[in-house]
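Same chain, two partners: chain A is paired with chain B first, then with chain C.
Moving on, here comes the complex of A and B:
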């Protein structure tokens, strides 16, 4: 829970320094208008908050000095202490002292309040206003006043969103300039655009970096949540958490929060067995759940594993048939991972009973949609009797995505790398016709192969292709994966890998659901981004 | 995704630090924090809009005294419970708060247990 303490500390310091600045402002005004009740009330409020916060977090000396000052201003408000020059000096000293102590929290040495100052404060608080002769001169810690602002600012995520959007626009223009400079072959322009490239690259990463938070800020909420679910379910759960330091975009973490909570509830209430059942299965009486995060290049991988009863493949297969997704014959051909992928279909639920924690009606399809919306992936692995693992592959950052660019006829298309599995050059004669579709046995898997050219030239519902429709002897196939299911896309030409900024499509193009968006290439060419999820869903349903 | 009816809480405190601490504490304890108000005006507005089950209320606020907010909330909707969380420990204000219908008065700095216990008690009364 260290990160939360750190967060509290940072908030405390930032707010305390704000109070300190406000106090300085108000007390200077008060010197001019000692009768201003509102100013006095405000000063009182600020000191009051500072005291309460300092005591809550455990900075007792700051709390004590604030308390003494608060008392002094309380007396001034009640006209029990007059705002004489001597008193004003002590109050100013006191406020300066507070500033020193607040700034010193993060410094190497704790700043102790000067004993003389504490004594002076005690004198003005405890004695009558005419008895200020004993006030001693306080030795200042510094001779000239340092002006210092907090090193930490709070910023609305909205503002960072805007900044990131602007960076996205800038990158598109940059790529355009880069491309023009190559065409014009002007050395000056090339130099300046190379510099522009580096700067914008750094700018992009700085903005993305500013939005990163620790996964721990979400993970650290789980011990408490797990405890509560376990109590309701009358189960004992041992939760292990790792990878709290892994960083991810704050909005991505926000979007998957509910999903992770949902998966955790499922794991505990449906996955983990009751203690007596576990004992019979020679497992520990308490259920074990692990929540972990790790980095893999630009992807953050979150894993939720339980050692519960696992998912019964046969039960899922029966449900696939019962709910009318596939015929009994078709189900037999499914691979294990394909079977489990049906868990993410809308309306597919294995839960037999409604429990207080897990409820009913909201299935894994909601989880899947949330993860799709940020361009992530989810997969489930499970072994009956041994447990289940959900793995979430999430982009570290939102706006800029790695993509594979390809060409089909005259046009450029981008496929997000999150969904690309591999690229193969495949002999046309080794494609097989099955109904209106082509399939290929690649690495032991039967994969539906889609000719993108045919797909673009026809209504998706009328798509149909035979081997004779294909031009070449060898096909460039990009194998994409979505929800544990693979699809091969035939393209004319593979171009390169590139970071792209995806823009939403304007109407009416966005009604065509094979496109996820559009991006502009450096050449100024428009490049459509393929919606792998939609295309895969369509063809899997057709098969 | 939630089927249990979580109690809905509005936090009123002029300090961001205090609000953050209270919010984390309440969320961890399974409450739903429906709003945070840094001043009396926002507090009254949010209490009207969100109609929370309970309000944690600081007494010293920049624009209003907390007691006026207490009166306002109770005047609008006597069913909303109010727990006062404040560093002002003067008996006079405490009595006044009780008179206006505050459920309990917690003196800052508070311990987590104390706040959660007060909320628990407030809801137990139902």
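Moving on, here comes the complex of A and C:
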């Protein structure tokens, strides 16, 4: 694999060459229509971007030449410099020079800008009225212009999506072939399918890789956004960003963009206190916000931390009761993480009730839905007076997910690993009956235990399970977690862990909300993917 | 519908005919226009899908597409004649505008061509049936057989199906 630097350099060159082509096109147009302000603005923009990019990556000479040209075009735009033949020649020379320098980056020797040209540029910029200074003839030491095409291509994400879908289908068929070849026990077939396995694996990896972008492509937009929000809110914010190099699927990043923006806005406008309040609390007058990314196997973890006033648990508890989610008694028993998880409930907003005091939770359910839709998780941790952290656990790639396969009655079901917490074999006699539900005390936590059999075979409103309804002495329980809440699912049999490609269910069965999709197993068997979020919601609503 | 008009052009002098796929539900014969049928196949393994109405038998893998399978007898509450159950059932794969669905039938479906004139549109007596009137295109007569012609497209797009909820 190429180093990051090399990759950045290639991207810079490709972009710069594209700018260069566009500049050439526009300036030729401009020569014909010197009055066209739109063209001028476009040239100005291109040069400005080129300058910024070049400086950012450390090609200062390219940045300098771009800067000089930008200045010249700025003057032309302001009608302080006329677009005379002399000036045109210098500008054309300047742009040619840029082209040389850009293509020279990858060459053995760095191309130095011609001093004569630089001088000419300075002259046209500085001696506005005084035309006595002679423009010197620029020695063109580049003789022929090479036409070359860029090494990078832009591709519509739609095309990559299609490619990824096809690979997904291919993998399903591959697994099928693999299992057939095991059954048939033919050596040739085995060899071919083993080879097919490797190739499709690599193909899948390559397609996924092609879709990866740096988290930085989103993070780097935040300094400006944060500045703007801070100005509006009349607060001073110190933003720290880290982990821009972490890579993630472009579509996943796209889907969480609004969510992250939303969380950032909340953090600054509701989380961070005003400077005088902060001083009293012995905090720095400016608020500190960090945005970080890190990798954990197939998961990308994004964290947004502020050192603001934090979320008041008591406030949230009161709101839970006020909004009628739970009774005052039930609220008392909630664990801290459970209390905070109510912030993500639709319609749960502290802001409307207690704008001054707290005010988190505006549209957090929308954030949550976005993250659910890509099979991610979100959690919130907060300490009153110290700050709040939102943690987003996102899959690196959309297509393939690790899942736990289990059997319930005659069917196989998959539960995405993103939502599984642990698996236990639990003695039936250690389950407790609370109303119509079963609960168990597992590792110090009281967890609602759901019999999937009963859930499947009864109307959810009539769901009621007693211990006598369970067949065995020991129950296989998959503990799933969603939105800081845990639920234990009793399944008939635990099968194995496997990477699956989730297909969306087609109409009309796509409206059944306990299924997140469907996948085909190597055996050709259809395996439904359970939607942990929906199942959890059922039982939360019951409480 | 398109193929229908193509056929019309080919046989300008012959009376307009309808090509049907005919199958049995309960003890009656039903038919659908052949252009609404994508394929007929021996019913593949059906994976039951809990939390769907009982007339949805589950989902099946048909050539890599995973489609829902519906039992029309249950859907229309048609009584099944008692007797020996069939070895195989067949699935008619039907295509609506943006999705595909399978319908289970018991005996091998047959193909039959009828003149349009032998199909009575909207007879009044079908109100007694459990089948929503709109789903019936007409009653076809062929020799001494009576064939209830269904409009599959209407069945596929009925609100009831589109808003399928557990």
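The working rule: the second predicted complex is superposed on the first by the 387 of 543 C-alpha atoms of A that agree within 3 Å, B and C clash if a C-alpha of one lies under 4 Å from a C-alpha of the other, contacts with A are read in each partner's own complex, and residues count from 1 in each chain.
The rule is short, and it goes like this: a residue touches a chain if its C-beta (ideal position, glycine included) is under 8 Å from a C-beta of that chain, and two chains touch if they have at least 3 such contacts.
Computed from a prediction, not measured in an experiment: that's the story for all the values here.
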{"item": "Chain B versus chain C as contact partner of A:518, first or second or both or neither", "value": "second"}
{"item": "Chain B versus chain C as contact partner of A:457, first or second or both or neither", "value": "second"}
{"item": "Touching partner for A:221 - first (chain B), second (chain C), both, neither", "value": "first"}
{"item": "First, second, both or neither for A:410, with chain B first and chain C second", "value": "second"}
{"item": "First, second, both or neither for A:51, with chain B first and chain C second", "value": "first"}
{"item": "Chain C-touching residues of chain A, taken from the complex the two chains share", "value": "169, 172-173, 409-411, 455-457, 460, 503, 505-509, 511-515, 518, 520, 524-528"}
{"item": "Of all residues in chain B, those that touch chain A in their complex", "value": "1-4, 14-18, 20-21, 24, 27-30, 60-62, 86-88, 108-110"}
{"item": "Parts of chain C lying in touch with chain A, wherever the complex brings them together", "value": "45, 47-52, 56, 59-61, 64-68, 98-101, 161-166"}
{"item": "Complex contact set, residues of chain A against chain B", "value": "4, 7-8, 11-12, 15, 42, 44-45, 48-49, 51-53, 55-57, 154, 221, 224, 228, 258, 261-262, 265, 356-357, 359-360, 362, 366"}
